[in-house]
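Going in written order, the chains are labelled A, B, C and D, and every chain counts its residues from 1.
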Amino acid sequence: MPISHRKIEEGIVVEYSGELGHHEAKETMRYLENIIDLYAPRRLIFDLSKLTFMDSSGIAVVMCGYRNMRDIGASFFLKDVPPQPRKVLSAAGVDRIVRFTEGRVHNDEIAK
Amino acid sequence: MPISHRKIEEGIVVEYSGELGHHEAKETMRYLENIIDLYAPRRLIFDLSKLTFMDSSGIAVVMCGYRNMRDIGASFFLKDVPPQPRKVLSAAGVDRIVRFTEGRVHNDEIAK
Amino acid sequence: MKSLNEMSIKFLSRSSNEAFARAAVAAFAAQTDPTLEELNDIKTAVSEGVTNAIIHAYPDIMGVIWIRVRIFDENKVEITIRDRGVGIEDVELAREPMFTTGGEERSGMGFTIMENFMTNFRVYSKKGKGTTIKMVKHISCKATGGGIH
Amino acid sequence: MKSLNEMSIKFLSRSSNEAFARAAVAAFAAQTDPTLEELNDIKTAVSEGVTNAIIHAYPDIMGVIWIRVRIFDENKVEITIRDRGVGIEDVELAREPMFTTGGEERSGMGFTIMENFMTNFRVYSKKGKGTTIKMVKHISCKATGGGIH
């Protein structure tokens, strides 16, 4: 699986690499849910800097992560989203709901 | 065209980037021939470091460059050949005829 | 109108074939010398259409999916995706943004994305017979000269 | 023997389609989780077969080329490339290393490379009817578990 996570001071970073379509969506959602159940992190940063392609299946994945974090009163961020997935997320208005961040994650930035 | 050349002290470097199949072969041969006609260089270094794929059409291209240089009593080198094209060239025994070189081209190395 | 170049592909409705289908169409369309954004738009639209055929057209069986790509003069790429699956009862409703019969796992944005990312987009469907989508992308002409090379 | 997965592609014998054909087959074969070298071997062999159909099978006309790829258990990829072109009079002679009817521009190494880079390789041809080549590549099983995923 092209997905992994690491703890940082600010919360948990989940990194996805490669292509994300319907074929990869279910397992990715399950991974995010498991991480949230296990750690109940204050912040989950979904790092998409190595995402090479995403279709609308990825919208459901992102919204799944967002809702699960919101339900425990915690925050969800998308980090370093490349142009192609960004266009897909924008078409669905996800950029008006979920917070995007770029570069190194700093406490002060994501605490805004 | 994904091909370009530059003069260096040791001769002419021709650099090819991208995939080289039958579709690209004729134009590439013509380019090499033109360079040789125009400059009659003492050495032609065919830099393949950016070659991402090559089939047997490339064998004819390499042999064309080699023969044209030999005919004017000059030397021909292949520089930084990646594994896939190297395997194709080896299958045809080209590595026993044409000289391969790696890294920066130095006068002393190619003068051997 | 005669196409300048064309290809077709045919494959089983396995989700493991999604990556193949979008890569194959992108590799073919690349000869019109599109911008990276145009090529990504095509890849995304194809991924949506193929995913729909895999999950909606053939929900319980393994079916066959066809794609035809034709390149016309003036940098026009036409893509047709066809299945012989369950078909769509109400195409207008299905095309609404956020409409989905796929539950939590789907966003209902597939048709909206195909429509927005491509120049033209049409759906033909008949309940029980299958669905065909036809989409066209106009490729911008570059100063360096586009066209098939 | 039933295949686990399969696809087929069909395209015009334009040399601009060579890159598409090898990319499409490689994208499909990738789901068997091959090593980079194995995938490159497949891509190279397909490029040789497709080039032969483009230049030798249809020397003066625009013809159609078919490729079928099937994946079988135990990581076996079978590739069939078919044309309805001029055919080969003497297959044994044609398969000799360095034999070519293509002149200075060809090396005559196409068949030799297909044979060396693939696990099995066969040629069926009939003068005036066309040529079919069938090749199989066995994909090494990885410790992490290969197969379709």
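Going forward, a contact is a pair of C-beta atoms (placed from the backbone, for glycine too) under 8 Å apart; a residue touches a chain by one contact, two chains touch by 3 or more.
These numbers come from a predicted model, not from an experiment.
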For chain C, the least number of touch steps when starting out from chain A: 1
Chains touching both chain B and chain D: none
CA centroid of chain B to CA centroid of chain C, Å: 41
Chain centre separation in whole Å, for chain D relative to chain C (CA means): 27
Where chain A and chain B are represented by their mean Cα positions, the distance between them in whole Å: 46
Multi-chain contact sites of chain C, meaning residues that touch two or more partners: 16, 19
Junction residues of chain A - those touching two or more other chains: none
Which pairs of chains touch, using the document's own definition: A-C, B-D, C-D
Residue numbers on chain D that touch chain B, as the complex places them: 15-16, 18-19, 22, 37, 40-41, 43-44, 47-48, 51, 54-55, 97, 104-107, 109-110, 112-113, 116-117
Chain D contact footprint on chain C (complex, rising order): 5-12, 14, 16-17, 19-20, 23-24, 27-28, 30-31, 148-149
In the complex, chain A residues that touch chain C: 19, 21-23, 25-26, 29, 53, 55-57, 59-60, 63-64, 83-84, 87-88, 91-92
